[in-house]
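In the two complexes below, chain A is the common chain; its partner is chain B in one and chain C in the other.
== the complex of A and B ==
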């Protein structure tokens, strides 16, 4: 039920953080009853514009119109009043309450000082009927699958008369069947005149669901495509822009004897039949969408996740399933979530650097050799230029980039055979990024096998010597040399094999 | 100045101030006898809190120490009454304590039961088992016969007014301090308390380590029971009642922060002295038990509040420091968070 009526129009929205311009005059237009998809690489500004529309951030400049009238959205309450609702994954639902109770949580319909259960139940049933949702009003939210929880979230928004629902990667946690259910729900919404702003990295979903597609890059809208105009090549070109071809290819001293071989690896339902080899001296990039199983792959190799089947061998010898043994054998990990899995926030920098090395930093495996401990920490701080160069301050007081240097520094003093990196530069500023790349490259040059998972296409293509693209728990493509372009990775992530040549 | 050091000095300063006030306002405070008794009592809580400090620093909590002491106490008394030599009684009680700790550790690391719930429940279980083992007269009433085994009663004695329990406490405190700050085991416990996931990713054997902290805690409780039963020359069903709580309180007062990763043995020592000092003062002023509970509870609240405040203050100070460095070196921006 698309119409030309415009629900929301944003004009020239600008926003900067710490002097860095994140949005450079964004124009956005959402029509009644449409699914407007928003795409763009990480850091293109998608989240920021959503947060401005929904009242989380305040814009620096620009104007938002709702139904043709200029409005100021300063808080979430403002946004809600204007009928804008963001559907969060499951965060705002209470598992121990029913669907109805959740929907009216904090805004119960009252009658003589008591919540009017019947009125609330009727209201929810009416909504479920209107939109044709497959949901019971008295079901416990905790017993529902992800798709139905999202339905509950959507109902909650609708009960507050939402006209525009914003969904940020709603399918990343859903199975194929659940995704299907969500799409039905979305169809129900648009059929009744509600609009959806849909953010996704998955091209195939966009082709299917989007009425229009808005593509962002570097804080600006670079194109708006109508349903009929959406093609993979067009979208990826818009997202990536002019791709700089790497002029000089590094000469990689790959040592084939130093080989990590993964054979028919499977892990729960997340990974199936993964086979590949990684070699010393080479940086093997792993691309794919969030949720495709990349992180699980890294953890299976490291031993922090227990593989369900298959084998992993290093120089022909099978690996231990234990982190401790693997570290002894020269494994190192820089995990995705450095705050919870990487460093120890309240402990000083030196402890953070030394934590995995007390096997050689203590006499008889028990008594810590203080002097060597200090020397080891100072060596890493010096080598990786950690700032401030103080070994005694808690790591939480360092910037993201320096925290990451500390986590990487942990493996510096060990004889590294395999270094596993998961989103090594997430939340790291540009200057430090380049430093980190050079340290990683140096470790590879020294003969280590480096495996790097990254969602940052530029990083993935520039830093890796070879790229594997993981899709739905399988290796979908292997890209080497000239094939390893951002476009190719992006297409492969969505299950499209690129034809000959690069896009522009 | 170092934050950790500052925190300790503050506790120490408070101890001195309170001692001065008590000394000035009560008659019998500054007597040698009173100090000896104070230290003996502090040693009882102190030994337990040394054990508990391992658990708390490792990120868990042990509320069962009262029950463990109770159980170890009856093991002591039974062994002594059977005529076992003192050393055997001591070992028996410590083994009994370790056993209790191992049960806690097993439930928490293998059965994955929450540590708070496990130790709250197991404390009652240990006390319950003790009742089965208690001495009873012909009509089945619980009695507390005097223990006469000379080789066991030695543990309750003193040299020149220094009780053996006090000596053992101070010696063990030094050892525990060194273990916590200078051994791989100790550092691993601190890191586990600071972040279990990060520790696991760094190859720290979480399960084994956590199990060990509970066993150690049990061992210290067993030891505390030996000295106390020996001093009193008997045991009773309520031995160690409330001790689980007081030991945790002593740790918290001394800056061993609940949640893990912070504090060490000195904190547990200072906390125990502080707590006993306050209790002694209440007694000296002739205040009722009501005041005892009230003041103890109040102190714990203040200690926790103080740590939160202290934490945020030192955080700010550090941020300023880092910013100063940033300006100085023209380095990169720091995360505000």
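== the complex of A and C ==
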């Protein structure tokens, strides 16, 4: 159903945040009835351009045309009026209401001052029929799976006559079967002339679904590929650009005796037959897509997830499945979501730093040694440059980077053998990032084992000495030395080995 | 100089002191009898009972829970303890044993509450509201009549509520001891540190090796035991117990906790705050009576003051400068 008719055209869109240019003149063109995929690394500006199109942010410069006419999109309402709808990742549905009630929430069809249930029901049924969705109009949203909830969101958009649906990583929370369903839904949409702007990190989805691909890097569009032109190499080269080879060679003093060995590890259906060794002195990076099982792997090692099979040993001795025991043996974890798993928002900096260290900050394990407690906290604040350098303010009052310094300081102030990091610098500004890397490197140089999960390719390739790429619960590739490039990691995450260049 | 002064007024303690000063001035003008020893003593009695309960409640709220059954817990334990102090078929009337039996029941109730919250993950609000009714009913069934009286005024049980040491009444001493222990546990022990952490963020706490379920259960046990102790003290003071003993106290205690600046979401709060809360609630009740405000209005006045105090807390919190 693709036509040359252009639904939305954006020209020279610019946007600054605090003087930093995030979008440097972005041109975007979406045709009627097409799935236009948008790819780019984290920070390339994908979300920013979407937010400008959908009226969340205001652009600094540039022009947007809808159906050939110049328009100003200042609010979400404006965007909706022009037929642009965003299907959000955190769905905005009310679980206790039915599909129909959700679709018409806040814009009920009224008759004589009362909601006209029949009219609304008919409208929803008609939409379901038209697009061939597998959905019941009277189902409670709370009883539906993620895919059907997304369908409901899509229906909601369609009920408002959306011509362009923007989907931001819609498959990240879906199972394989649900992903299939979503793709069917998307095909139904485009067949009826609606357009989809589709953001994803998954190359295989892009090959399959996209009619055209727009690639962004550093705030600009670096290329537009037609369906036939899309190849993994082309896409990754465009996304990453000219890759700067590491100039300074690191001398890693790997100690093979200090070894964490994972053998045939499995965890539920998420991890199967994972085997590898991590050595003292090196930073072992773990790459892969979100949802590939990276985080679960870290939690299995730490003891916070119960492995289903296999063994994990440190210097030949099997690990305890208990977090507390492992911490005592020198383990530490910087979890993925700082706010919900890492720090205690209402507790002061001091408590956040000391909370894992009462084995040596207490007498008989029961009574707090106040003086040591203060010293330990002040030491960590000073050493890891937490700002402001106050131990009594709640951590929630610190910036993201300083919050992460506190979480990291909690572990670095202990005698660590193994440090597990999951997205250690997510949402941290550049200056603090460099600090965090130097602390992590120092720890490794002192002989500790460091395992770091990261979605940030630059971070992964620059900081790690060796990289394992996890894909669909298995270790897909091990990249060492010169092989460990961003391109190689990106390709391996999508199941492609660089040497062969073929899809799996 | 000026900013320093306003800084003090703006601080939590500044507000508290100001508030009390205002009450004192009003009372000095309108009802000097407020300052009589006997009146102050009666305030102290009330504060002692609320205060013990509030200290127990503090543990539960810190860990992110709530316990609405404390009033009925007090009633049940008072009834149990009193019946076992009199000689009958089941008991030789040993006061110590009677109290131990009563406290054991409280421990069981605490464990049940804790398991419901930590393991079954049911909302504590609903669970403890339900057990509140069950405990009243149990108290009623246990005594089998309307009241049970303390007949022997020469035993230890009588002393709990009525003895004076250096003219300080026993209930006040019990309260002070209980508050001191609470303060010690919360500020000087690893148990306290981990309790705050478990309440501040359960997931993060379990990721630093804290057994959050254990801490939650412990908090509910402490709360139930505190309620039981205050029930026993109350029945000794009144020389009687029934299933209406301490009825409705949970509301007053919640007020004390909230007014004391404890974060109802868990992880934040102090004993000093709770003592302040209990003081305020006790003084307020007394002032309302002394000023001759009819009981019809007294609850209205209480409500207004509570909302004002909480608003002050919240407003103060949001006004805090965000440090980046």
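Structure notes:
Just so it is clear, the second predicted complex is superposed on the first by the 496 of 504 C-alpha atoms of A that agree within 3 Å, B and C clash if a C-alpha of one lies under 4 Å from a C-alpha of the other, contacts with A are read in each partner's own complex, and residues count from 1 in each chain.
Keep in mind that, in the parts below, contacts are C-beta pairs under 8 Å (C-beta built on N, C-alpha and C of every residue); 3 or more make two chains touch, one makes a residue touch a chain.
Given the structure is predicted, the values throughout are model-derived calculations rather than measurements.
Taken together in the superposed arrangement on chain A, chain B and chain C clash. In the superposition on chain A, A:495 makes contact with neither chain B nor chain C.
When chain A is checked against chain B and against chain C, the one touching more of its residues turns out to be B.
Once the two complexes are overlaid on the shared chain, A:323 sits against chain B and chain C alike. In the overlay built on the shared chain, the residue A:345 is in contact with chain B and with chain C.
Once chain A of one complex is fitted onto chain A of the other, the partner contacts of A:432 are limited to chain B, with no touch recorded for chain C. Of the two partner chains, chain B is the only one touched by A:18; chain C is not. When the two complexes are overlaid on their common chain A, residue A:365 makes contact with chain B and with chain C alike. Taken together, the two complexes place residues 302, 304, 323-324, 326-328, 333, 335, 340-347, 351, 355-356, 358, 362, 365-368, 370, 388, 393, 397-399, 410 of chain A in contact with chain B and also with chain C. Considering their complex, residues 18, 302, 304, 323-324, 326-328, 333, 335, 340-347, 351, 355-356, 358-359, 361-362, 365-368, 370, 387-388, 390, 392-394, 397-402, 410, 429, 431-432 of chain A touch chain B. Those residues of chain B lying in contact with chain A across their complex are 2, 182-185, 187-188, 190-191, 194-195, 197-205, 261-262, 315, 318-319, 321-322, 325-326, 329, 331-335. For chain C in complex with chain A, the touching residues are 187-194, 196-197, 200-201, 203-211, 263, 265, 267-268, 320, 322-324.
The touching residues of chain A, counted against chain C in their complex, run 302, 304, 322-324, 326-328, 333, 335, 340-347, 351, 354-356, 358, 362, 365-368, 370, 388, 393, 397-399, 410.
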